[in-house]
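In the two complexes that follow, chain A is the common piece, with chain B as its partner first and chain C second.
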Partner chain A sequence: MKEQLLQDGKAVGDRMSRVDGRLKVTGAATYSAEYALPNLVHAVLVGSTIAKGRIRSIDTKAAERAPGVLAVITHVNSPKVPGFAAKQNPDEPPTIGQPLRVFYDDKIYFNDQPIAVVVADTLERARYAAGLVKTQYAAEPHQTNFEANKARGFLPTQAKRNPKSPQNDYDRGQKDGYQSAPVKLEAEYVHESEMHNPMELQSIIAHWEAPDRLTVYDKVQAVKGTQRAFAKDWALPEENVKVIATFVGGAFGNGLHNWPHETAAIIAAKVTNRPVKLVLTREQMFTMVGYRPKTWQRVAMGATRDGKLVGITHECIGQTSSYEEFTESSVQQTRMMYAAPNVSTRYRILGLDISTPIWMRGPGEATGAFALESAIDEMAHLLNLDPLEFRLRNHTDTDPEKNKPWSTKYLKECFQAGAERIGWSKRRMQPGTLREGDWLVGYGMGVGTFGANRGVAKVRAVLRADGSVLLQSATTDIGPGTGTAMVQIAADALGLSPDKIRFELGNSTFPTAPSQGGSSTVNTVGSAVLAACTELKQKLQQLGGAAFAGAAPDQLTLAGGQLGLRTNAAAKASLADLRKQNNGQDIEVTTEAKPGDARQKYSMYSFSVHFAEVRVHALTGEVRVTKMVSCADAGTIVNQKTAGSQMIGGAIGGIGMALHEGALMDDRFGRYVTKDLADYHVPVHADAPPVEVFFVNKPDTLVDPIGTKGIGEIAIIGVAPAIANAIFNATGKRVRELPITPDKLI
Partner chain B sequence: MNQFQYVRPTKQKAAIEALARDANAQFIAGGTNLLDLMKRGVMQPQKLVDINRLPLNKIERMDGGIRIGALALNSAVAEDQLVQQQLPLLAQALNAGASAQLRNMATVGGNMLQRTRCHYFYDTALPCNKREPGSGCGALEGINRMHAIFGFSDKCIAVHPSDMSVALAALDATVLVSGPKGERRIAFLDFHRLPGDTPQKDTNLEQGELVVAVEVPENAFPKNVHYLKVRERASYAFALVSVAAALQLDGNTIKAARLAMGGVAHKPWRLTEAEAALVGKPATEETFRQAAAVAMQGAKAFKHNAYKLKLAPNSIVQALKNAAGLA
Partner chain C sequence: MAQENLNPTAPADDHDEARRTFLKQTSVLTALALTPGPVVQAAAAQWDEKVAAAFEKVPLKLDINGKKYRLQVEPRTTLLDLLREQLHLTGTKKGCDYGQCGACTVHVDGQRVNSCLTLAVMQDGRKVTTIEGLAEGDKLHPMQEAFIKHDGFQCGYCTPGQIMSAVACIREGHANSEGEIREYMSGNICRCGAYPNIVAAIQEVKNGGQKV
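So, the complex of A and B:
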């Protein structure tokens, strides 16, 4: 069935403030750790101090005797988790392999691996007792040094198993065809691991409401995925596991995997028969809940002297743990971004004695864009071409990887809008020649892209007696303002004022929806909201009788507590009458929406370009990003305000990637030494410049009936190379290792 | 964090006695550093003697200078009119430190006594002679990009993190301390120690001694001063290198100079020879370069901090340019 497109309405496109904004800023929003359950107790994890080996002995006596302590659980006394014995990955990927089975045996796979959990009546007593657990290890030699182990990089198992996996080797035209070009370059790019540090710490309250019924208040991006994972772990029917994540204080990919501390809390709740709260410390955020993996990349590129790309070869090695294969799409944009006849990509992963990485905003594409977009800038410089002009000469109007038309692509509009707004004409072709006092000034750009993905979701829509509509779906909102966008879509779909609509999410008992990730929530869940609202109106139409027969759904309105018809002001049916027709019940539908076959015919991507103006101090090497312009071709913009905020947040996150973030490991101990927010830097307010945002705002109704393509990832993809390229333009120094700290510039 | 006793005396004598009787006791004022260290198990005092009720927060003119009480808040000192007029270098250094929230809690005495931010000191799973004498220096062969280039030993290569102390070192301050044996005065440059074989000792304070005040003598540097702090983000980061520079100019000729560096040694690093190299010379970039070269004599880098051998002299030049109004 062809999907009903979203009609022109007032709500979509509006700068509506967040429906939950007041709750958040007044502290009334309840986050995972804030549920005040009766008899709640507190858990604190103890982490290993070696990177590999076995626990020889673990002495918990002093901790057990400490005041207020209810339990100290280790691999010695932990109850068996049924799913652990099955030796299988309990959930669908993010990873292939065996996620860490907490307290399962004496093996240590990474430093600060949870080896014990202490439960006490207060947090302070639990923390004190955690310090009393004494552990003896049989350490084994560990491998944490990326450079020393780089040669061990291997093709991911998912590529070996599936020839169609995008992680496989790719060659278009001649393998390494760049070599035949008259102008060539080769360069290596590296970035350190970037650690997930959303404002809200990872936290969970686990509550066994009955021996076979588990409720968790958990900071996750997938309530249904988490429900499935824990149901498998504990051999329970899915409906016996309830997952609540009504509010999430930032996640950025951190909540797309279930981590050892979650199961530790569930075990602790089982042992103590009390609801158990476990909140990680900031230091633990660095070691056990995922990160953007350290990555090495090599780009080789060839072009004709008049600036036509002949070929690009892009190789990448990303690190993962020894027990799970985490993969991401670091080289794939190289296959489709530019009109190069010869493209080769290679993707490998490297297992080290560290914890498993996970996607971080703009996941592999942000990594890959740093290499690709830096290399494009390097080639433009070699050719003595403006990098914007070089990109235009290699622009492609069809997808050269899949030989399909784009569903929509308005990247050139983004280029033009961004160049005007940043003042690209001020950029000097010769690096290091624009100066203000002691500061060198430069301009740079970087392009981003991410698949305009869409999944399958269901939404329940209920028309209540007071004329308001309740919508429910088991998606989450990790910060972009999902609830607000859904209300706007529903308002237009129903012809109803937004203040009469409520959207509920973050509860596994709601109709199913995928995780919030991959910039796809509005595409996926928004489409289901539209479909549910359409079906609701069709049901009302039937209940309304002859006056409404044959009307198209977009002609029906719900304003003023009655069903109306745009084309005929006389046609009216009161809500009370409609309910009477429905046996006095709330009028309810649950509707599924899924992508159609346009996906087979078109290539669907969002695009962005970021422009940066930087100042680099000539003597001290300090970098200040003084202005940024971020432009997005993301289809329909449902809410200019929240979408703009996403873009600004992505730009500032990209400044962190370019200039600040990078965890340092002392390989002798296999232990990170920068693991708090004093040593591991993210941008502070003073680092955040004015960020001007431009949206093309043209619908792509091939992606979904609302016309959206997705914003979350392209907001950061391409930012780091824009800044690195601007630094080159300012100084003439090409830095290929992130973060670009002053020591690399003096 | 361990259990600890807590007392909050209102008399200085009682506070000193409370500490003198107990080797495992610590004074606490703002607590911006000590509480972090306690939570991580780096410091485990059995008793905290809260000195916030002692009357030690005055900033006052005294004979021949300005006396700043040990409990004066960093923010209060930085905003004080007397300080801004007569000790602008100190005000600049204070404002370069930490964040507004921390400056509203941190005291002058606590700022001087804050511990190093060396990664190895903070992680009890790693070796550190300062935290656990004899366990080894993790930084010596480890990640040492933030570490010392002057005055280190093979036992410790950590740096002192304070900005305020760099300015006080440049301005020839004196520390007033009071202890079981009475009061004494310590020249600021003798207050902090080099690590030598006893890196566990940051300062020359004796058990039970309380910092009461800092005295800064009148000086000839009310205007041509600059505190330059080079760090990895625009605010709220410890210095890679910092420079406190003060010049007294007669036309374009340097009559007197004060120069000290932070982020390069276990204590604020005063550069008296470089100061001498400035006096009598014209205030030009060339002069500043020569002084910076003098300042760097004897510097030695480790695996990750060689950049400081270039960043430090560049920062000296830039700070002097700013102080002289050449930038």
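So, the complex of A and C:
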């Protein structure tokens, strides 16, 4: 049976308020550290104070004697985690290498690596006792300086092993073919590591409900992935591990990896035989739960004098740890964004004595776009061309990398809508010439793209006795409003009012779904919701018997506890009767949805363009972003309100990337000097301008039957270069190092 | 356990541990002089630990969301940790614990306060309002309604602090323009970037003229 949304469906596209809004504004939404379990105790981590070496001795006596302390666990006395010994170089996503095994041995890989956990009956007592642990080290020289070690960058192992890996070297046309062009530029771009810093601190409650049954309330983006990881660690059947993440207080990617503190809490719960709560400090959020890695990039570009790209070469070196090979897609958009006949890309990683990075919103693409879209702007300036016009001259209607048609691409519509809304006509071709008093005014743009990914998911749909429908899937919601979108999709698929539908997520016992990441949740889980609702209707049709035989699911209606037929008002069956037909049971289906073969024939991407208006103070170098317009070709927009919020949030995250965020390392100690929100600045209210959002809102049913393509990543990809380009337009100063702080402008 | 406690082994440089050992000794020894029998049992049941713990606590009276509390708290307990860990009022959030993010904003006698930066004992006799106390029964506060309408949040974690701050911002008379709201709300960080929607919510409540 073909899945399709009802033609007269009203819910999809509506500006419906969030289904969990009331819980969030009343403080009733329960995040991972907020479950009141009986006998719960508190754990506090102790971190290493060197970046590399070994623990010579660790004195825990005073901590053990401190009031209320139940256990102090280190590598000396930690129970063995069965999976640790077997876990030699697991080739598993998100990284190749050896994820840190907490309390496994005496080796130190990074500064603030967890070396002990103190468990006490109150938080205050655990925190106090943690300060009593004394450690002696045999320190070894560490390497944390990116520039000093840049020459050690290497091709990731996954690329060496797999010739088809996108991390491999890429050449289209002539290698470094840009060199033959009449107009050339070469430039290097750098940005510091960025910290995800979700407002909720990384938290877990670990509870061994039986010696072989573990439940964790954990701040993660993948409940099934976490279940599998911990089941493997503890040599348990998967169903013996339960992972709950009903509400996740932001993540932006750092919940896509399982981190040492999670296993520390699980070990602590094992030792004390009590439920253990462990909440990281904000400082620990900088050192052990991932970050957007620092990168160095070089772009070389060549064009004809009339503005046709001849070639682009894009190189990138990204930081990783000494023990895991973290990779991201920093150079890949350069292969497909513009119609350049010659494109070369190189991607290398550099292992340093710092913890492992993890994808941060708009992962490698946001990094790569800073270099590529800045270079495009630089080339447009060299050619004395409007950068919008330069992009149009190099627009491509097929994917030049894969030689396939796009499934859909409405980037030109985004250009036009954005240019009108920002007032692009006010932009001066000559930089530094538009001034309002002491403020220099400039306009800039940056393009973003991200794969319109879709995975496999299952959804359970249950029609209950009261005529409501319950949907369940083991996805998560880190903030975009997943439950709300799913209810809207189901409402149209079933012809039910949204208030009759409930979508539950964040529980590993629900039917399987992938992590919430890569802008793919609505594509993947939304499709499964649609499939499950379609199958549910089919089942109702069968149970309804002769009156409904031959009726397509979209002809069925569900209202007032009655199944009816759109075309025949007389055909009715009560839910009570249908349940009787179903042996008195709730009517239930569990349905899987997966992508079809259209992916082999088409290239599938979301696209965005961001326009920024900035004012730069001529004397102080202070930058104010005064207006932003973000336009997205993201397929069907399921909810204009929540999707708009995602775009606004991405734009503001991009302002942080452009102007504020950079984790600065003190290489003497291998530790960040920016270690909290007073040193590491993220945008606040005063930094956030009005952001106007435009959606093309044309479905792409090759990606999925709903027509969505994904929003989360393209909301930030391209924002930082838009701002950097606007600053150049305002001042004539080209800054190639993020963040663009006032000292770089005066 | 009891014998170990009666044998002071605390390092001389560890004041807190030494003080505590002293408290435990004196309380148990005093009791021992009075009624030897039960105290042996008490020591065996680690009651000495509980007695010593009681000495370290300070009585505290608070009115939280209209409910009167008589509490015994350690002086080092912050108002935030008291709310979240002891009273299970988890609507007030911990985002940084350093007064940098505003997620823990509550009202103390009507003023907005970062509850992570104040010790609970400093608020003796005060009236505390948390996000749980803002609605009147099922009827949401206008600011809560406006946050839902304008989608003033995504993940929801900073939301209670934003709402408590937003209400105070209007009450203080600091919500007269978009620019002023942005300035006076800058102590409340939203990493999801819902700022423009939050400002719209505050402006609607301010302009709606409802009592906040």
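Definition applied: the second predicted complex is superposed on the first by the 733 of 746 C-alpha atoms of A that agree within 3 Å, B and C clash if a C-alpha of one lies under 4 Å from a C-alpha of the other, contacts with A are read in each partner's own complex, and residues count from 1 in each chain.
Quick note on the criterion: a residue touches a chain if its C-beta (ideal position, glycine included) is under 8 Å from a C-beta of that chain, and two chains touch if they have at least 3 such contacts.
The shown structure was predicted, so the numbers you read here are calculated from the model rather than taken from an experiment.
Peer 1: Should chain B and chain C be called a clash or a fit once both complexes are overlaid on chain A?
Peer 2: Superposition result for chain B and chain C: fit.
Peer 1: Would you sort A:580 into first (chain B), second (chain C), both or neither based on which partner it touches?
Peer 2: In the superposition, A:580 touches no partner, neither chain B nor chain C.
Peer 1: Based on the superposed arrangement, let me know which partner A:685 touches: chain B (first), chain C (second), both, or neither?
Peer 2: both
Peer 1: May I ask you to decide whether A:659 touches chain B, chain C, both, or neither, giving the answer as first, second, both or neither?
Peer 2: first
Peer 1: Which of the two partners, first being chain B and second being chain C, lies in contact with A:669: first, second, both, or neither?
Peer 2: In the superposition, A:669 touches chain B alone.
Peer 1: Figure out whether A:622 sits in contact with chain B (first) or chain C (second), or with both, or with neither.
Peer 2: So A:622 only meets chain B here.
Peer 1: Tell me the contact category for A:21 with respect to chain B and chain C: first, second, both or neither.
Peer 2: second
Peer 1: Which holds for A:435: it touches chain B only (first), chain C only (second), both, or neither?
Peer 2: neither
Peer 1: Could you look at A:124 and tell me whether it touches chain B, chain C, both or neither (first, second, both, neither)?
Peer 2: both
Peer 1: May I ask you to decide whether A:200 touches chain B, chain C, both, or neither, giving the answer as first, second, both or neither?
Peer 2: Second partner only, chain C.
Peer 1: Can you tell me whether chain B or chain C touches more residues on chain A?
Peer 2: The partner that reaches more residues of chain A in the superposed model: C.
Peer 1: How many Å separate the nearest C-alpha atoms of chain B and chain C in the overlaid structures?
Peer 2: 5
Peer 1: Output the chain A positions appearing in both contact lists, the one against chain B and the one against chain C.
Peer 2: Residues common to the chain A contacts of chain C and of chain B are 124, 128, 676, 678, 683-686, listed in rising order.
Peer 1: Within the complex, which stretch of chain A touches chain B?
Peer 2: Interface residues on chain A, with respect to chain B: 49, 111, 124, 127-128, 131, 283, 437-438, 617, 619-622, 624, 659-660, 664, 666, 668-669, 671, 673-676, 678-679, 681, 683-687, 739, 741-743, 746.
Peer 1: In the complex, go through chain C and note every residue touching chain A.
Peer 2: 10-11, 14, 16-17, 20, 49, 52-53, 74, 76-77, 81, 84-85, 88-98, 100-101, 103, 130-132, 134-135, 140, 144, 147-149, 151, 153-160, 163, 181-183, 185-199
Peer 1: Going by the contact rule set out above, which residues of chain A touch chain C in the complex?
Peer 2: Per the stated touch rule, the residues are 17-18, 20-31, 33-34, 36, 42, 62, 65-68, 122-124, 128, 132, 197-201, 247-252, 279, 281-282, 478-481, 641-642, 644-646, 648-653, 676-678, 682-686, 688-691.
Peer 1: Considering the complex alone, what residue numbers of chain B touch chain A?
Peer 2: Checking each residue of chain B against chain A gives 1-3, 40-41, 117, 119-120, 122-123, 125-126, 138, 141-143, 145, 228, 230-238, 240, 307, 310-311, 314-315, 317-318, 321, 327.
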